[in-house]
Amino acid sequence: MSASVSSTSAPYSELPAANVKLFEAKARKGATFDEIAKAVGKDEIWVAAAFYGQAKFAPEDLQKVSEFLGLEQASLDAELGAHWWPNRGLGPMPPTDPVLYRLYEAVLVYGHAIKAVVHEKFGDGIMSMIDCTVTVAKKEHPKGDRVVLTFDGKFLPYAKW
Amino acid sequence: MSASVSSTSAPYSELPAANVKLFEAKARKGATFDEIAKAVGKDEIWVAAAFYGQAKFAPEDLQKVSEFLGLEQASLDAELGAHWWPNRGLGPMPPTDPVLYRLYEAVLVYGHAIKAVVHEKFGDGIMSMIDCTVTVAKKEHPKGDRVVLTFDGKFLPYAKW
Amino acid sequence: MSASVSSTSAPYSELPAANVKLFEAKARKGATFDEIAKAVGKDEIWVAAAFYGQAKFAPEDLQKVSEFLGLEQASLDAELGAHWWPNRGLGPMPPTDPVLYRLYEAVLVYGHAIKAVVHEKFGDGIMSMIDCTVTVAKKEHPKGDRVVLTFDGKFLPYAKW
Amino acid sequence: MSASVSSTSAPYSELPAANVKLFEAKARKGATFDEIAKAVGKDEIWVAAAFYGQAKFAPEDLQKVSEFLGLEQASLDAELGAHWWPNRGLGPMPPTDPVLYRLYEAVLVYGHAIKAVVHEKFGDGIMSMIDCTVTVAKKEHPKGDRVVLTFDGKFLPYAKW
Amino acid sequence: MSASVSSTSAPYSELPAANVKLFEAKARKGATFDEIAKAVGKDEIWVAAAFYGQAKFAPEDLQKVSEFLGLEQASLDAELGAHWWPNRGLGPMPPTDPVLYRLYEAVLVYGHAIKAVVHEKFGDGIMSMIDCTVTVAKKEHPKGDRVVLTFDGKFLPYAKW
Amino acid sequence: MSASVSSTSAPYSELPAANVKLFEAKARKGATFDEIAKAVGKDEIWVAAAFYGQAKFAPEDLQKVSEFLGLEQASLDAELGAHWWPNRGLGPMPPTDPVLYRLYEAVLVYGHAIKAVVHEKFGDGIMSMIDCTVTVAKKEHPKGDRVVLTFDGKFLPYAKW
Amino acid sequence: MSASVSSTSAPYSELPAANVKLFEAKARKGATFDEIAKAVGKDEIWVAAAFYGQAKFAPEDLQKVSEFLGLEQASLDAELGAHWWPNRGLGPMPPTDPVLYRLYEAVLVYGHAIKAVVHEKFGDGIMSMIDCTVTVAKKEHPKGDRVVLTFDGKFLPYAKW
Amino acid sequence: MSASVSSTSAPYSELPAANVKLFEAKARKGATFDEIAKAVGKDEIWVAAAFYGQAKFAPEDLQKVSEFLGLEQASLDAELGAHWWPNRGLGPMPPTDPVLYRLYEAVLVYGHAIKAVVHEKFGDGIMSMIDCTVTVAKKEHPKGDRVVLTFDGKFLPYAKW
Amino acid sequence: MSASVSSTSAPYSELPAANVKLFEAKARKGATFDEIAKAVGKDEIWVAAAFYGQAKFAPEDLQKVSEFLGLEQASLDAELGAHWWPNRGLGPMPPTDPVLYRLYEAVLVYGHAIKAVVHEKFGDGIMSMIDCTVTVAKKEHPKGDRVVLTFDGKFLPYAKW
Amino acid sequence: MSASVSSTSAPYSELPAANVKLFEAKARKGATFDEIAKAVGKDEIWVAAAFYGQAKFAPEDLQKVSEFLGLEQASLDAELGAHWWPNRGLGPMPPTDPVLYRLYEAVLVYGHAIKAVVHEKFGDGIMSMIDCTVTVAKKEHPKGDRVVLTFDGKFLPYAKW
């Protein structure tokens, strides 16, 4: 029996062949990102980002992934190894999928408030999205479970010269 | 001596007169959002959002804000009270300010990873941006302080009918 | 004490002066659209649409509205009477306000399904948005009240010639 | 004789292979969404949405659909089952097809009126498009039949924190 | 009693002061474009286009218009006379007003068919929109009156060199 | 000898296979839309629109078209018959082809004039583009032949409720 | 040895197969547009436009082109002959290629000046881009050769009716 | 009697006050760009570009312009002199005015042909729009006068390093 | 004699009043950014960015600027001091001014090459535009002086977690 | 073992086949742009630009590249030789990849400052992006290495005529 990755929208069709292979192997094994992340020793969001071509696996990551998913490492190395660099950004904006749109809406509605408080707490600068970790946790709640999404990014003050 | 709110970009020019008055009173008093938030009994991000016209003050909030900032409550009530409802969303997208853009970039780069993990952890549905709290904390760090931005939103499963 | 209409976003700034006067009188009186609608003998959605300049009051509507809100009818007639026609459409799309966006999302997510079922039930044609009534009802529910939004539009078959 | 799904516009070309198979089987059998919906025990709009990849079939839904349309369930499970999640949103906006455009026009023309009445009836919050059912009914009328399109969505009040 | 021109949308706000004066005088007199057109000796569509700043009145047209509407000719001459040239095009596209949108939809739906038939009947070239007259007639019909909109434009064959 | 349909621009590439077959058979036979229209008993613009997937052939239309063009009816029925509905709208806007652009320019330049005259002649409502016929005639003229393009659409008054 | 046409950008991928064949034959022969133009008895810009599918070869042009380039005329006739009409416009705007962008910049920077002078010299009307010839000449100059690009288009006065 | 500059479209509203003064003085004097150009010793297109803020007058140009139009030089110097630099580009694109659009259409239709011939005649590089002169001439013709628009720009070869 | 800042394009109209005052004082004094920069002890590009509201003056910078330009410091402090934070980004994109466009073109043409070389030299990460200095130098050259524009930004490696 | 070029984003899919071959050969050999550049006698940025189809190899460059990478020169000549000219510009804007976006942000934030200083140092004109060299250097730094990106472009003064 073959398992394949389907989607009504563009993201998968923009992925390189190697990433599609990763998704297919994940589906075949029935593994979650959390299980793969534990095998690699990373967080599930980072691993999911790497599956979507938004982060770069180190050679040792590729080895653990290929082992866990039963893929040939040499082939992954050839496609996602030393000579490949992510071209980040996936799919059109504003996003149409409601999960993605709600994140976008967070920027629309709370962006200026976040910016104002960052300036008041840290001064003139930004929260880095490069030196930043992203996690998703499930918080159980009697009125309905909650998603706790956390960005932990370094503050970078503006250069003056 | 008068204090005024200036900005090179559009947000302030889109604000109603009542909100501009709030910002001017805040500047005059030299108060931070955190100080105002403590006076109101709310979080600073929520208060900043309300200053930017992205949330609605309850009558008792307006009373505390006007008291703290030395503004006439009746006038705020007339403009931001029972007959006013926020039209949320502020400024053009993609945002050009680097603080706002980094949040937007988070959606571009990590959006699909977050969506995938939400689905794996919760099933088919979304993280609400309506029943959601947003906080910004400062985490000190020897290599540079970090911004910890947290969204805590209810998971809403899709209706089937 | 003066009451005014404020908003963080564009709609009000695009309204002609006569409509702004209507909103101000409504706020001053503290009246809901439902109360005005009952005075005019129309549905609240239609009346709200007319306040936003999206529908045209008949002379007798203008008379009842001006009476109910204590406005001079002659002035409303001069501005919204025989020589005025609505230029429909208000504010940028996609809308940024979450209430409006959810309606837009309905088109994104359920549009093709609605189109397919309209074709199966009625044939090749459209649901008119001109000969169409729109209503909003509140349905109480133990797990949270529900909004029931109904469009009742004439089916128009395509001409063939 | 083979039956196929054709269209002048993009939606079908964005659908995953499994959904195209569903449409082809539907056309081969000459079944309407209403007939399929009765076999699945769901409403026709929800079933049409799922055919367009905008909703997720539960395993038991997939079983009933594959049985009714004479498709192999294992293959549908592999493609639309546990490891697949809808990426909602289909086709460009503003839509060019007149059926879809009239829905879009409803947002343009009546959006602000609906928003105002929702606020007056429920307070600051939104009508959920996640916990929402959508139905289309045919209402016969001597001057031309009418389409009755109803959205029944939970009201969600804004969090304050 | 003053009469003024109001509109919920942008066109009037883009008009030069002289054109706004024309609209105000027209409203004050309660005249239709047809009546003005008869006074000028032109078609009502052309006159309406000139009112919207989309065509240029000749000096004798300005004389007749100012006479008919009771405006001072010298002032119109100064603003719309020899030194003024129309910058044609008015308001954003796609248009949001349903009357304008239906014309736009005509291009979307029938554009390629019209192009194909023009080529078959005339060869490689275009129908001029410069040497073109536009008329609107009312055709009474028992099932509802009809609008007959006619464009009569010169065919221009492509140069070859 | 094979004949094929070529084009520098997108429209043909968006057409379903069945429509491409229609165009190829038309080119092979060297028939004009006028000749096909006479065989079908319809106007050439309607037939051209149907070839471009912008209108739906009735079963008897498909029979006459397939007979006239020497195509197998069963195959056309399967692709363009009962289970197919047009997704109208073809190609990007603003159109780049000069024939199409001139139609678009008609909306830009004369749209507001047409709207104003429709309102003055008919009241608040629109000219239907659904119950509308479109014709193109050739009018000979000593200074160059002219294209006469006519839209004859039902006036639809706005509902009030 | 095969010669092929390559390009980093979209234009070629939008060309119909027949035009790609023309470019390949041109590359194989190593001929310039000027040489082909001389063989056809036309200007090189017109010929290049026709290669890019922006103009229509007459039957005798196709005969001379096919002879000069060693292509089979029947095949060109079938694809670019009587049943084919150019869909003009090629590639996205604003153009990204610097040669094309500089032409676009000419419209941005000098467009209003050209328009003003055309009006002063000719009155209310346009310079036709249909009855217009376009030529490119090389003018040698000690400080660097110059490109002389000339548009010679008929002035078309606006109709009044 | 006062003379003023009017326009239905945006360009004038984007001009700085000094440029509006130039246009008003030009209208008051009833001078053409050609007459002003002769007084300044420049071409009329360059002078018109400078009036539209698309070029920079030298001090001696400003002196001649102010003398010819009867304006105070000191004031022009203060606003358009040493401390002012043009921000080139005027009005939205694609342009809606037909005169401007035809120039834009020239890029759409003939852009690739011009690029190809420039490369064949000059190699890899561009035609400068900075070191470029632009002229408009009137060519009389029995079938209708013609506009001859010429760009004479330096060829700039690409650097290689 | 008053000196004012004029521009044909939007940037100045988006600047807060305090920044316009800075530009006017600079023009009145006839000072270059280089001279102001020397007085402040910063680079001219940084000072120009701060004038355009793209950087934040420290209190001591404001003191030196106000002293050098003869402005009252208290007023600058009130508007650009502790309670003001830049909203960076100025004017629409793509930019229409040729100086700005050439920088934009650098991203279009050389962006991928720069990215590839940064990855090869530094690994997966970015060149910071926050911890980055920007300088412009004039390099004399017999064939024409050259602009040397240098960005010196910290390399930031991507976080992995 | 085969090596291939993969990417999550569009650039590679827009490249002509010859350029993909270059990237594959580079990956197979494990060569950096710097090594290839040394073999060709050019800078690595220029070579990378040429690999991305943004610059044109001279015949001798193609010979050295094919030799170094072990590719057949005849085939490269046929595809990238005399008859090929770059269509510059690659991928959509604004760019989504963070490396590219930071360059774009440089234009947004520092563009007007750079323009102002160029004018003050050189007068009215531009920095050429055609006669311009681009280099990337690594500068080691104890707090983190820095990227030094330099554009060295000829200043071009505006023509006046």
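First chain written, first letter: the chains are A, B, C, D, E, F, G, H, I and J, and each begins at residue 1.
Going forward, a contact is a pair of C-beta atoms (placed from the backbone, for glycine too) under 8 Å apart; a residue touches a chain by one contact, two chains touch by 3 or more.
The shown structure was predicted, so the numbers you read here are calculated from the model rather than taken from an experiment.
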Those chains which touch subunit G and also touch subunit D: E, F
Chain pair equivalent in interface to B-C, over half of contacts matched, among G-J, H-J or E-G: G-J
For subunit F paired with subunit H, centre-to-centre distance based on mean C-alpha positions, whole Å: 42
Mean-CA-position distance for subunit J and subunit D (Å): 46
Per-residue overlap in subunit J, given as positions that touch at least 2 other chains: 11, 46, 52, 54, 86, 88-90, 94-98, 105, 108-109, 115-116, 119, 126, 128-130, 132, 134, 156
Residue ranges of subunit J in contact with subunit G within the complex: 14-19, 52-54, 74, 78-80, 82-84, 86-90, 129-130
Subunit D-facing residues of subunit E, complex: 94, 96, 98, 101, 105, 108-109
Touching residues (chain side subunit C, partner subunit D) in the complex: 11, 32-34, 44-46, 48-49, 51-52, 54, 88-91, 93-95, 97-100, 102-122, 126-129, 132, 134, 136, 138-139, 141, 143-156
Complex contact set, residues of subunit C against subunit B: 1-11, 26-27, 30, 95-98
Of subunit B, residues touching subunit D in the complex: 42-43, 46, 55-56, 58, 85-86, 115-116, 119, 124-126, 128, 130-135, 156-161
